Amino acid sequence: MRLELTRRYALAASHRLNSPHLDEAENERIYGKCNNPYGHGHNYIVEVTVSGKVDPATGMIADLGELDGYVAREIIEPFDHMYLNKDVEAFRDHVPTTENLCMEIFERLKQFPSARLVRIRLEETGRNSFEYAGQGDGDER
Amino acid sequence: MRLELTRRYALAASHRLNSPHLDEAENERIYGKCNNPYGHGHNYIVEVTVSGKVDPATGMIADLGELDGYVAREIIEPFDHMYLNKDVEAFRDHVPTTENLCMEIFERLKQFPSARLVRIRLEETGRNSFEYAGQGDGDER
Amino acid sequence: MRLELTRRYALAASHRLNSPHLDEAENERIYGKCNNPYGHGHNYIVEVTVSGKVDPATGMIADLGELDGYVAREIIEPFDHMYLNKDVEAFRDHVPTTENLCMEIFERLKQFPSARLVRIRLEETGRNSFEYAGQGDGDER
Amino acid sequence: MRLELTRRYALAASHRLNSPHLDEAENERIYGKCNNPYGHGHNYIVEVTVSGKVDPATGMIADLGELDGYVAREIIEPFDHMYLNKDVEAFRDHVPTTENLCMEIFERLKQFPSARLVRIRLEETGRNSFEYAGQGDGDER
Amino acid sequence: MRLELTRRYALAASHRLNSPHLDEAENERIYGKCNNPYGHGHNYIVEVTVSGKVDPATGMIADLGELDGYVAREIIEPFDHMYLNKDVEAFRDHVPTTENLCMEIFERLKQFPSARLVRIRLEETGRNSFEYAGQGDGDER
Amino acid sequence: MRLELTRRYALAASHRLNSPHLDEAENERIYGKCNNPYGHGHNYIVEVTVSGKVDPATGMIADLGELDGYVAREIIEPFDHMYLNKDVEAFRDHVPTTENLCMEIFERLKQFPSARLVRIRLEETGRNSFEYAGQGDGDER
């Protein structure tokens, strides 16, 4: 009776790809127009997948309101309508690629108490998406 | 040469979330407006994934017409344009959450003879979906 | 400097097509499975289009928050998660086809004070949609 | 034999809504989180509609390659992966709302030589879109 | 009480763009890879818009089953799973561009008896679509 | 720190389903209208999923430009705007079902040097898709 529930959220944010580990010429070569000085933005789509047993009394895995509140506090409030490079502590000296953003979102949600976080799928545009399922070290719920 | 084929079906149905295991106040608190007395509805999307070997003569896993007929008889006819709580035996005293509907669809399709049923993905709205892959006890095809 | 703004809302509701102007056999013949006794439902999509001049100070036609509040009060609260035939006064003795629902939504929104309502587009499923632009008698804003 | 052709383009850009005609408190009240100091971004979708007669020799209204080249030069290169407030001259002292961006795109494309520009539809998110068809003064092709 | 109803159909067909009015070099230059010798194909989406008064007894503009039957006979059967250049008489010596296909569909549906055909929108890919509303000579229903 | 990146490509191609292992009557019975003599076509969507470690210097799994170049050379150029049965060597005497096309694409991409190919998802229409993840013999990167 184990199911997965996937819930979809939207974020509008901006970022600039410029790594402190690379010099200016490398940053330009590797990131191309994503390295433009003032940044650019996306409508990110975040899909949060949790799994759990279906409670026989309620017929549900988890209370969606509780999940929404958790995601609002941990993800939407800090990231939505923000410039990731400046507004988010974690990306002050860490390049905010969609890969890194996807892992950051996973880390912020993995303690969700009412169901086990299975994976995060982060869509940057209709053409690119990323999935992260954590490091596999212990899924002991 | 094992592939998965996913085929998408649509269902328009209504339901009311009201569990016989909960009292009136709990039903209201837990289900909110999904507990409204006369129900409400959705355009459900059902994605059926089967897997199998590709037949070297036909280049196909399964005959889609056969799958469509099976799904029509087991799922579309009993559920489409129905009020799940009253028209479907299984939900007369079992709350028709999307979780429970997803498992019910899996159970009704798992004997499909021409390819192995892998999972059901059931979308309730553009924001919520559920996946169920059965109980894992034996995939011996 | 006249633009149109279209904003998209979602509604989950149920309805039964059964006209008081038709006898039982005609109701069955005309509406088919939409005449099933306990109703069925849809995820309706409502697109509200308003037009206006762009305010040179704000660069906007209308305050989206104001539009959202108006639509919430007039449309979402009375219709969302409802059984239209029983929960909505207008459909107690008036068949809630998508055509009639589309016109009802137009009538409820046409007094929106901050921009002129141009049309309502109502999607019942991915295959059917309806548009209504009122009766054309006077667009005097 | 007059048809309309609509072609869809994508733009990832960032902007900050902060009008020089409003004081700080008004900017905050009117634009809310769109007024955050470092901006945010979107995947804008630009739909360009042109109309014309179908050439009996080619069966086409316009050469799509020519339209793509024109849009690339006038819209994609100056706006894509840019921070509109700083990278685009027109928005240095003009608030880059989607309304204003939609009109700016129309003005930049209206001289397209091979078919008449009918309208621009600009989608900011899946929930908001804007359409502009110019000022109607003369469609003399 | 005049509304528009839009209904969406799908067609999988193939075509080759090669005009009898152009020589080989011009055909290659103008159509590029659409001129490849054996053709290529698309999942076309056909949106049929009709308008009419809402019948007060039924609450409907037109019987969808009747429209579906008409479109099946006039459009789906002759075009679906066909190579337009060889299987459709009209395109034996007339280049099957999406423009020409859009007008052909309009001509075949304009006599639909139960509601007035308003326009055809034909989508060739997610990036290109065409709309045709006829020649405007008489909308006398 | 292992992520999956999925990138989406589009292909317009045509095919005819007619197996050399079946006689004419069987071909007609099994493939139905997909066996029509001159073929038909689709807008195929190809989703390529690769996985890898995130490089701490760049914050990326792989260079998207490199992946795009590889896919263009191996898949888009040989398949796009082609009639698979005649233009693609592999399908001269091998029926080009979407199953077989999906495996062919996997085989052509599995040597991609900069990240491990995980799976190919190939969508033939909005209703049918196929996934292939190879034969599982050794994922030793």
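Miscellaneous remarks
Just so it is clear, A, B, C, D, E and F label the chains in written order, and each chain counts residues from 1 on its own.
As a working rule, a contact is a pair of C-beta atoms (placed from the backbone, for glycine too) under 8 Å apart; a residue touches a chain by one contact, two chains touch by 3 or more.
It should be emphasised that the depicted structure is a prediction, and the values quoted were computed from it without experimental measurement.
At the far end from chain C, in terms of centres built from Cα atoms, lies F.
C-beta contact counts were set side by side for E-F and B-F; E-F has more. Chain C maps onto chain E through a rotation of 120 degrees [Cα fit, steps of 5, range 0 to 180].
Inter-chain centre distance (chain B to chain E, centres taken as mean C-alpha positions): 35 Å. Chain centres here are Cα means. That of chain C falls 29 Å from that of chain D. Chain contacts: chain F has residues 126 touching two or more partner chains.
Interchain contacts give a graph that is no line, ring or star and is not complete, per the touch definition above. If you check each pair of chains against the touch rule, the ones that pass are A-B, A-D, A-F, B-C, B-F, C-D, C-E, D-E, E-F. Those residues of chain C that touch chain D in the shared complex are 1-8, 54, 56-61, 63-65. Residue ranges on chain F touching chain E, taken from their complex, read 10, 12-15, 33-34, 36, 38-43, 80-83, 86-87, 125-126.
Within the complex formed with chain F, the chain A residues making contact are 17, 19, 21-22, 30, 32, 94-97, 99-100, 102-103, 126-132, 135.
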